[in-house]
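Here the structure comes first, spelled out in structure tokens, and everything after it is commentary.
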């Protein structure tokens, strides 16, 4: 059932995983850059050597910076496990239609999550919905991988 | 020595890596859900749009929520590097008995770590032991991978 | 173009990815150990059960500990996505010379980043340079992977 040939651009499921993983890596880095820009705009620097002017002091509690940092941390908690489990899920040789739509769901939901959390704050439950769509799809993949390992 | 055929459910070492990785992904997400529940129980919300009632204010210092968040962050610091290095270690074609027990050690130690840190607080050195068992096993794998790359 | 045979120690590009990934896993864990040592030296413990003496209280704001924790978190934000995208980049069968030097750039830049951030504080722009070298190399890999998936 598992076959190293699954790891090939010829396999459209792997190709979809590959593409969305790369997009999500770029999305995580976009959030990192956005944190840096927000630090400049609000003059919120966490290290003395980062202060641009002798009048500034280190600051840790700017609400705009902290909001982007929470969105960024949420990415680490959710997208990074997806990178690992998505690849293992491809190796279980799942049905293409289902797998491709799960990858799309994770990719789109995580982009929406960042937009409604850190770019334009949209009232709940928009962020919760984006969070649970991505989480649900990733948990489903993990359960399929557990079953593949067990049987 | 390295062989793509190692990435196959026929290879019991890969199968063990696959199973424990999926279990640990589910464990990380369980901690995420637990953080959310703890936020509800203690009414500790970090974003204005999350407040369930106009009487609530954003709050960042609930000790129960912060404890789960520290356990969660510790997972990111330790389990996510294991996902990467465990796969590469499988590709070095290690002895099955050793590799399987290393994966079990990481999996069980990280579950115990969360339990004694965030669910039922057990006095030290229980958490330190769980931490160092998983760290030691992962460091051993990383050293084996470095040796494989070098020779 | 994609070929599971690329995942082999015979492939010098994969071998280079493998070696630098293992080195960076060890580097992340070194930062973790360094955080622990810094907590001991400054008697800064975040959990009541960690206090070594009844005279101590939990403490969250020691600047030396917080500095190492920021360096550690920055590793999670940058090195962990590299583990995922580096492997996928190897599978796009890149030119060896370029790929090997990109991996070296990421590996060396992230080690320098930790040194100038958390070990010996060096004035800016040293940390920013190390950060952007690694980020730039990883973004390039992600863009190549997106192109491979799309065409």
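A, B and C are the chain letters, set down in written order, and residue numbers restart from 1 in every chain.
Here is the rule we use: a contact is a pair of C-beta atoms (placed from the backbone, for glycine too) under 8 Å apart; a residue touches a chain by one contact, two chains touch by 3 or more.
In this text the structure is predicted, and so the values were computed from the model without any measurement.
**Student:** Quickly list, by label, the chains bordering both chain B and chain C.
**Tutor:** In this structure, the chains that contact chain C and also chain B are A.
**Student:** If I list every residue number at the interface of chain A and chain B, are over half of them used by both copies, so same, or under half, so different?
**Tutor:** different
**Student:** Suppose each chain is reduced to the average of its Cα coordinates; what separation in Å results between chain A and chain B?
**Tutor:** 17
**Student:** Can you tell me which residues of chain B touch two or more of the remaining chains?
**Tutor:** If we look for residues of chain B contacting two or more partner chains, we find 4, 7, 76, 80, 83-84.
**Student:** Sort out for me which residues of chain C touch chain B in the complex.
**Tutor:** 4-5, 7-10, 14-16, 18-19, 21-23, 25-26, 28-29, 32, 46-47, 49-50, 72, 76, 80, 83-84
**Student:** Chain C touches which residues of chain B in the complex?
**Tutor:** 1-4, 7, 66-67, 70, 76-78, 80-81, 83-85, 88, 91, 117, 121-124, 127, 135, 138-139, 142-143, 145-146, 148-150
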